[in-house]
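Chain naming follows the written order as A, B, C and D, and within any one chain the residues start at number 1.
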């Protein structure tokens, strides 16, 4: 019985739990004035090859919404892919945090925002006869690993950033699965973010092995002051901050974040490749990170669920498509068992 | 070197950490559809002697603001004590979550909201010639343990609830230190809340021994549906909910929450009583829970800080007053050491 | 030199100005407790064949946003046509008034919301596995005369209302040019609104001959109480209300609103038909009310502007398209002069 | 039967009505691109002796809230007098427009904000150990004529502005009765505003003789860009702007605003002085502008109301106090009739 619904069904990396236990005794000043938070700042600076402001929070929705609120006024427009998590899966949190900014969905193949379509949309909005009638183009947000399982390489980010520069838009990256992208592409954190034009990153650790820890990483210090207030005003300033920072430090240390992501990516590859050879199953998208999108015929879908396996339908990839997500906790045995059951069902056994 | 700045400088109860480690492996459905969350619901129902909706979140500011947003429309008024945390220490979070409701500060001795003053203020607002000009009286919030270290007994709560009933106001209790109140008064959770007229409780575990876990406990199911949406829209729906629920379950189980609070209360009593006998120190308020408010003369204050002890000034209790907060983690030795240093400084040693 | 940019470039109907002068002297109680406002209530009840709550405001953006805020919670979704004024021309005002609800653009031929597409979109959102992640379907808004100059007949409204009923969505009509629709279709105000399923109407008088007067007409009394507070809280409660009410009373009396609209509609018909016979001009949409959409070749477009005529490009109808809007103030002579200039330019004169 | 409830029970100055009629015919571009709006800009610049941005809106609540939103972030605090209209009479509109900023009431004799009390409050907030917990001091707003009928002279404004400068706070003046202050003090508009340190003024014409017209006058151009967007997003950008501008131009021209205010002030003086000699009546505050606050004994209060006179109770000045407000439309005969009735009732006739 393998649960492939999402990487948020996983538990936590042992090293992260150990770090919490170690951090768990003794007095430490609250709200970030503790040694773990100082260590986190240093570690992020080292990993990203420059100083950056780091704001740990407990959820990805908070990280994304806080980041966007720093990049747009209430009368601004934020451009994103039609399928973006901020657009379809956060209950309008960005609209709430920004005071009513508009999210504008833009298309793009393979769940990646198309720079040409973006440029066309922003050009039209910026050219209005009545500027104050139109939500002012203010920011762009991209997600990697995207909702469709695809990646933005540094050159993809740079192409978006080029549009941003033309129109003075802020660029946010929703990195709920940032580590998965790095693991797949082999590029550096700096290459994928500020060197390519990203202003703020939501660095997600929860899906990668933390209990509940994300960090808003701000490369432009001017944006950090408003973020400090926004985090408090929205109830996201945790008093015992050491417990968020300790998770992030453990996750980022000794390459754990990347090796956990590499593990998950590899299993998704095996799962996708394996299923593509099973009659009644068909890989409907290349596996670029830790998600495989597969079309199952009804007997296969029913059969796998009947044996206790769990996964979500994914209508964006077709009526029969499902999404299979691996995590740091998924095992070789899980993948083998799932494939074996698929083959057995397909064979009528 | 004893840190008495706040109970949020403490770490976490060993049982809470153990629970996280136990919860840390294996798949569980996200967003509350996990066994720990189910256990939490059952445990709260048992402890409060009735079914209730439980919404875990990571911070007290979030718990309070979400609760108030369920009780007031954007054009409502929320009455609280002048010194209330929601009024002076949350950066306007309630105003943000409610869409711009007004908090109205009301006086009251010993940091407790005065029912007569409350009734007078609501009566005046409700009697306006132009009702839509005036923020509509909608809710009351009280804090126990209060900011001044005092308690609301069930009869105190009932006196406030009586005003609420007259004017159809919702009643919220900020229970960041709810356990401390129960431990001091020996009353039941039900007696102090819904039996006395409380509609929503912010049940705080962080200060009492969790890492970062609070629960909004809703006694009126009609309020729960909006809360579910509000929690998500404000970024406070944690995906791996088991890790919040597990903290709360461990803390509430086997009377840990009460024994931890009793321990902290007892040490504050000893600390207060001990200091009151030290020349240059004077207890400025009775110690009802885990906070002692003491006026130190300057040599004493400087001397204690010079020896590495930490505490905050508390101008609300006078220019020389400081607040000393004990926690589950404070030890008998801490209290003895602090008292010994105070005596030594007073003696000129 | 004819200005066809919009019907908001017109002045005011003489009868409306006369009414202001008559209302201009003597004491009257503020905020709607005046005889003109009482007269307005009675008049709307008579015209709409049922009691209704009437809330005059100064702008259409306010009327629309207030109406929508009564129909959706902050976590709701409001469905509208992709081209709707609320979507593209109000700078995110609905998002601001609603506390961050999402507007979801839906397609539809001829600028009319397609009921099938609407049903499909709502069905998908309502069927989410994680309801609180998705903005909850709450309301639909339609505009007649639409942004593309087309109309909703009562049957068109009823088809939308049928979807609303299935999913318990509120239905709002943006009637900035409501009178124009009635004049064109010859149906009754009741037929086009509450009898067809509309819950709240923005009844626009400004474009039809008032100075600045719109009325939110609420057919469901339960929605009216929140609207009274929302109007004040957003600064839209005018103190000397008689001056808004007097405009609306004068406009609605003696059929002035309909005859003014009929006049404008007739001239748009003549203008469209006339231009369609001019070489280099082509009517690109049927003229249903007071807007003609015409594609001009460059010499014609430049020539008309060179002679002082004014109109806006309308890229939604093609790169060469322009929008020509007539009003109560446009004259036969204006239309003849415009056509004569067009013919002269086309003839190279 | 004299209505002294408020100056908003009056109609409109004949010159203002004439201006509307004159502006009422012919095409003019919308949203402020019309000759009347250009004339208004020039007139304001002349009257205030410097260029300023002028944003006409229809209500004072909108003017105040928009102004404050330009001066404070959502996490800011705005200081005002306890009795200020923005605090007690606008249903939390400033909280809504600012995204949840806090209004902090400060005392002060005679309804004037006390600079010392202001300085003390801001000093405390600015000195917090945890800055992000406390709403950040951002702006101050003062009202002249104040709610208690008193005035701020230029030196009073400068004393407040001095505190603002120390803490980099913006200074807003709610000038709903700005003309009344000028008329009473004989100082210049410049002296009372930017020369004394005011950043934004709500210039109110409605109470002084317009139908519904206020102007936000911004002396610092950097604040104007956000105001343009905020005005639209809150639905306060009127399309046929000429009709707001024409009211303001007529009111400001030929000294009409000042002579109308002088008239009202003079009658309030006579009314107050006259009533103070009537047995059973007592002036409870000096009459500085167009409001007289008088304590009536019950027979006098009942008798005057019984004869059809209208006025509001004013508990802030004592249980028997009432507020009597004169306007440009109040006549000598009104005052005489009111006084005669008071004397007759007192004499038992």
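Odds and ends about this structure:
Simple rule for what comes next: a contact is a pair of C-beta atoms (placed from the backbone, for glycine too) under 8 Å apart; a residue touches a chain by one contact, two chains touch by 3 or more.
Worth saying up front: this structure is predicted, and the values here are computed from it rather than measured.
Here B-C and A-C are compared, and the pair linked by more C-beta contacts is A-C. Averaging C-alpha coordinates per chain places the centre of subunit B 51 Å away from that of subunit C. The mean-CA centres of subunit A and subunit C are about 41 angstrom from one another, to the nearest whole unit. In subunit D, 74-75, 90-92, 96, 99-100, 130, 132-133, 229, 232-233, 237 are the positions where the chain touches two or more neighbouring chains simultaneously. Chain-to-chain contact here is organised exhaustively, every possible pair of chains being in touch. Across the complex, subunit C meets subunit B through its residues 31, 73-75, 99-100, 130, 132-133, 136, 226, 228-233, 237.
By the touch criterion stated above, subunit D contacts subunit B in their complex at residues 74-75, 77, 88-92, 95-96, 99-103, 124, 129-130, 132-135, 312, 315. Residues of subunit C that touch subunit D in their complex: 3, 5-6, 8-12, 14, 17, 20-21, 23-30, 57-63, 65-66, 90-93, 96-97, 206-207, 211-212, 229, 232-240, 243-244, 329.
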